[in-house]
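As structure tokens, here come the structures.
In what comes next, chain A is part of two complexes: it sits with chain B in the first one and with chain C in the second one.
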Partner chain A sequence: MAYIVNRLLSVALTLFLISIITFSITNILPGDVAMMIMGTQSNPEALAALRQSLGLNDPVIVQYGRWIGGVLSGDWGVSLLFREPILPLIAQKMLASGLIVVMSMTIALCLAIPLGVWAARHRDRWQDTTSSTVALLGLSMPDFFIGIMLILLFAASLGWLPSSGFIDPTEDLIGAMRHALMPSLALGLGLMAHLTRMTRSSMMGILSQEFIRVARAKGLPERTVVWRYALPNAIGPVMTVAGLQIGYLFGSIIVIESLFSYTGMGWLTYQALLNRDIPLIQSTVFVIAAVVMLVNLIVDLLYRLIDPRIRLG
Partner chain B sequence: MKRREFLASSALATGAFGFSLGTPTRLWADEPVSGGTLVWGHSETTQNLDMHQTGTASTSRVLQNIHNSVVTINREMEVVPQLAESFEVSEDGLSYTFRLRQGVLFHDGTTMTAEDVKYSFERCANPETGAVNFEVFNDMAEIETPDDQTVIVRMARPNAPFLSRLAENGAGVVMPAGSGDSQGTNPTGAGPFRFVRREFGNEVELERFDDYWDGPAFLDRIIAREITEPTVRLTGLNTGELHLINDIPAERISQVEEDGNLQVRTWAPLNFDFVNFNHNLELFQDRRVRLAFDLLIDKEMLLQGALWGQGEGTATPSFPRDAARNPDISHRAQDLPQARALLQEAGYAPGSLSVVFKVTTNYPYHVESAQIIAEWAREAGVNMTIEQLTWADWLSQVWVDRDFEMTMMNFFTIWESDRLYYSLFHSTGGFNYRGINDSLVDDLTEQARGEVDPDARIALYREIQQHMFDEVLDIVLWYRNGSIGAQPSVGGLDTLVHPNGSNLDFHKVWLRA
Partner chain C sequence: MVRFLSVKALIGFTLVGLVVLVALFAPMFIPAERATQMVMTARLQPPSLSFPLGTDQLGRDLLARVMLGAQTSLLIAVSAVVISIVLGLPLGIISGYFGGRIDNVLMRVIDALLSFPVLLLALTISAVLGPNLQNTVIAIGVAFTPFLARIVRGEALRVVQMPYVEAARAAGTRDGAMIMRHILPNIMPALIVQATISLAFAVLAEAALSFLGLGTQPPMASWGLMIQASRQFLDIAPWTALVPGVALAITILGLNLLGDVLRDVLDPRSR
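Let's turn to the complex of A and B:
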């Protein structure tokens, strides 16, 4: 318990530091949100009036204080560009991205673990080569390319899946999953490649250890040796990588989100940055950082469940 | 309406607006019917939904259906009444009297009165609102509302373009008094459709407002899905998920037209594009240098190369249907030897002049244009370097800081001559990011602003255009086409595009059962 409290405290401290760094960097960037709102419809007087009404003329420290005070009191403010309250906006986009992240990770793990185990069991034979080739294909094809191919196949030619868009999973789960399937596949196939290689090398290490030889010598069925004895010992590094990928995914799925007009956290962060919408930039970076750290904490806790030899703290 | 009459009226509407019918005679002789939900694949994300505060063409395109203005423009670019039944301008140009329509209802159920107009104008004029068009009311002294149906705007000095500036929703929109704070997230107006919801970054839903003063729209509902990726938008139209899309990728228009399965409409102008010089630099204060750059561009080839021919060449930025457009100006032909000679004469021997051309990746065809122009520049002995900037960087470096040598930009919906010429070319104009400082342009634009006789104003604007062309203040390239693709089931497409060339008006659009 003390371990969890300590970790949570360090998460809070890191988030605070991240918020200061983000705020400083975004204030150095050229341009501001008033300029982006008006675009080429602005003139110096109108721009000055708008800056005043948005509070951009206040000292940076005052602007930061306003934001952090709001976050602590549960009022995350309003996006300067879109005039939408930030907290519900982020909740909605986290739900959208969360669905894709969970689905793509499920697809990736369901494919990668069997494929990696299969390759490790048949090291240097055709099964290993096949698995490596599949992984290499996944690694070398960019996800947006896979995405376009999927759209052409499943939406344009076969008409099985919608080509773009998002449906709220709390309103229609099946519809939401249908819309999320192609983006998840595009991401999942790329992820799968990493995880397959990870599973393979980790399994190879375990399969060459003494206790596996003993298990085989005892006459245990190969299936039990691999899945019951080897895999739980080999899965740790795979989970670490998968955990890191989940955090990474939330911020980096912008390309796939744009391609499928599936507007989630990646898209929102990108829009915020592009438009210099500082409160929104702050809040999205804050949330993504928090998710990355919390997922890593959960992965560490899961280690303990899978492998009781690991002690935390 | 008989088939022959319908064909004739369609052809008239099409001709008047410069439409080209992409699909081989896809005119339907059927009558409009009510009902149905139209799914529109919108090319951009909507931003702040407050009509006063939004400066983007993308958001205005949606808000056009929610709001009406006191006055509007017709296809001939004339100011005509909308929420006002009639208007009157005093001879000295110092007072504008609007008689409002009786019984106009807002979406919140209240009836429009003179107080709402007063509220809306004052809200726009108040600098604290952050309205994009607040300067329209700079010369306004006071607003009187003698009764519920009459609004009198008194001016401190004559401002000839005032009325036509009110024809854009950004300035002339009427919102219910006191609704300002909620307009950004829940826009309420007196237009043909009522705002239902926005799933931010995803879609906007509008429903028919049955009590619309000009008769209810045909469609029950419009879902504007925001699909910014052009290919995916087109795929959605092809698969039938979408009824209609705007902005077909330029390189795909001819293919979609040839397929013949969809209706295609293209029109000019969506906007105009021009190449700019920084007049604050000594280099570009020399007319010979500006002329040399004009002469090294083959405008027709550039239109084909960068825009796939989806536009129409023009040497003046005035709207094609604007009476003030000078019909006598046309592009100079490409003449590389002459360009080289002019540069030599100005003191720049071949190879000695280096220029940086800043373009924004927000408009990919600007990058392509710059690449083609750089090649011609090289042939004329100029080393041209291209710097590609994000939209934020372009706005910051070029628009605000004026830190550039050459650049390229476009403008949407600037059809009103004062806004166009005073803002963009007067030495104190708000949009004069090129630092143009030409005393004749200043004199003429000021005269035109105070000139209440329409014919005299037209003559002044034509003179300005001739002078700008002679002096090569900028190189105006083309009007870029707008485009729409639609399923055969969509009727009334010819009424969809607003006269300003950018907004879409769904009032008379309908779906075949």
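Let's turn to the complex of A and C:
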């Protein structure tokens, strides 16, 4: 219990720091919201008046207080670019990106675990070399280049999948998944590389342990030894790495969603950055960092729940 | 494993050596006009004798551009990693060596910074500063700093507990001398490994930033920009995407292989 309380306090502190960092970065921007609303050619007096009414002449700390107060009370302001309230906009885009995150992680794990286990079972043989090579190639291909190759193959040549666009998953789940499939593949193939390596090294550690030798000695089939005895013990570190990859994933979706014109959180962030929509930049950057931190917290807590050896912490 | 390792080392060194040589010497042998000269009659030409890798949408020679792109890519990646070391190394050492309250505060901030995806941080900084060559370097370098500081701190913590540090302290070595003589040399192996892996990621980040228009700007020869430009002509001229894409993959693969090999050789914990 003390652990949970401690942990929650630390989460609150980190969120506070994240909000300060986000606010500071966007405040270094040359030009301000008033300039962006009225354009650079605008009348200086009107500009000054707007600045005054928006509170841009207040001390930075007052401006931060106003922003974070708004965030906490659910008033996230209005996007300059989309002219819509930011909070519902982000909620909607987050759902779209959630689909991609879940699908790409599923693809990555479904490929990485068998590949890593296969490599570990045939340590230092050709199977191991093959798996390591595949992982290294995956690690070395930029995901947007994989994305372009997928477009060439599945959209331009074969015509199986749509090369761009987005469908709301709450309206048509199958259609939404079809549109999310290529972006997810591009991301999943890149993610797979790290996870394969982690599965391999974790499995090799477990397979060399006593209890595995005992299981083999008492005549259990190799299949049972590997999948029922070894894998559950080896999966912890793989899950931790998968959790850490969520951060990487939320960086990559900015590129991939833009490539596939998939209007999710990454696309929204990109539009905000490109058009210098300061309120929207602050919100999207803050939300992404907060989500990444929370996902890592959940993975960590789950890990403790699953693995009794570190439950007390 | 030894055999596999040496094959990895061989391929890694060859690929990286190739890219470095091209980056160093291509600008001397390829006149800048060759990469910027637009031949409107030769737009989107497939590979041929006069254009071995074909031409782009403005009739520019892709071979010349991809070779000049190596320089852009490595220049930005190396500078960015140097920045992240200049910023991250002192932070990490101070945190790990002195510990206590300084460590606590610094690591809180670093932890918060690590919640920002590196690419998001780099893109935001670049957008904030205004995208150009110099700011791309700064953006990637700053975005990498928290990660590097974290690794250096971990290593410093490990080294501080070594008997030789205790012995030096007992002999009256001051903090400054201790850091320079005992801590720094002993975290070097981990730093070199990390720098190599960071280089691979910096090449990737530069390409991603340029691809999104928030990195290097046209008409500079940059692989990310080339891939961006190829998108419109993908179905009629796929080589315009393949050429820079393969160049990127070769560079990153080489650096990753090198990083792996260096880790196996230098990092005591992976043995």
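Things worth noting here:
Basically, the second predicted complex is superposed on the first by the 267 of 313 C-alpha atoms of A that agree within 3 Å, B and C clash if a C-alpha of one lies under 4 Å from a C-alpha of the other, contacts with A are read in each partner's own complex, and residues count from 1 in each chain.
Criterion: a contact is a pair of C-beta atoms (placed from the backbone, for glycine too) under 8 Å apart; a residue touches a chain by one contact, two chains touch by 3 or more.
Owing to the predicted nature of the structure, the values given are computational and were not obtained by experimental measurement.
Applying the stated contact rule after C-alpha superposition, one finds that A:276 touches each of chain B and chain C. In the superposition on chain A, no contact is made by A:105 with either chain B or chain C.
Contacts of A:165 after superposition: chain B is touched, whereas chain C is not reached.
Look at A:289: by the touch rule set out above, it reaches chain C but stays clear of chain B.
Contact with chain C, but none with chain B, is seen for A:140 once the two complexes are overlaid on the shared chain. Of the two partner chains, chain B and chain C are each touched by A:151. Once the two complexes are laid over each other on the shared chain, residue contacts for A:203 go to neither chain B nor chain C. By the touch criterion defined above, A:14 reaches chain C but does not reach chain B.
In the superposition on chain A, contact of A:92 is made with chain B only, not with chain C. When both complexes are aligned on chain A by C-alpha atoms, chain A residues 29-30, 148, 151-152, 156, 258-259, 274, 276 touch chain B in the first and chain C in the second. Those residues of chain C that touch chain A in the complex are listed here as 1, 4, 108-109, 111-120, 123-125, 127-130, 200, 204, 207-208, 211-214, 227, 230-231, 234-235, 238, 241, 245, 248-249, 252-253, 256-257, 260.
Of all the residues in chain B, the ones that touch chain A in their complex are 45, 47-50, 53-56, 127-135, 184-185, 199-203, 225-229, 231-233, 235-236, 238-239, 241, 390-393, 395-397, 399-400, 409, 411, 423, 429-431.
Contact residues of chain A toward chain C in the complex are 13-14, 17-18, 21, 25-26, 28-30, 124, 129, 132, 136-137, 139-142, 144-145, 148-149, 151-152, 156, 247-252, 254-255, 258-259, 269-270, 273-274, 276, 281, 285, 288-290, 292-293, 296. For chain A in complex with chain B, the residues that touch the partner chain are 29-31, 35-47, 49-50, 52-54, 81-84, 89, 92-93, 148, 151-152, 155-156, 159, 162-166, 168, 258-261, 263, 267-268, 271, 274-276.
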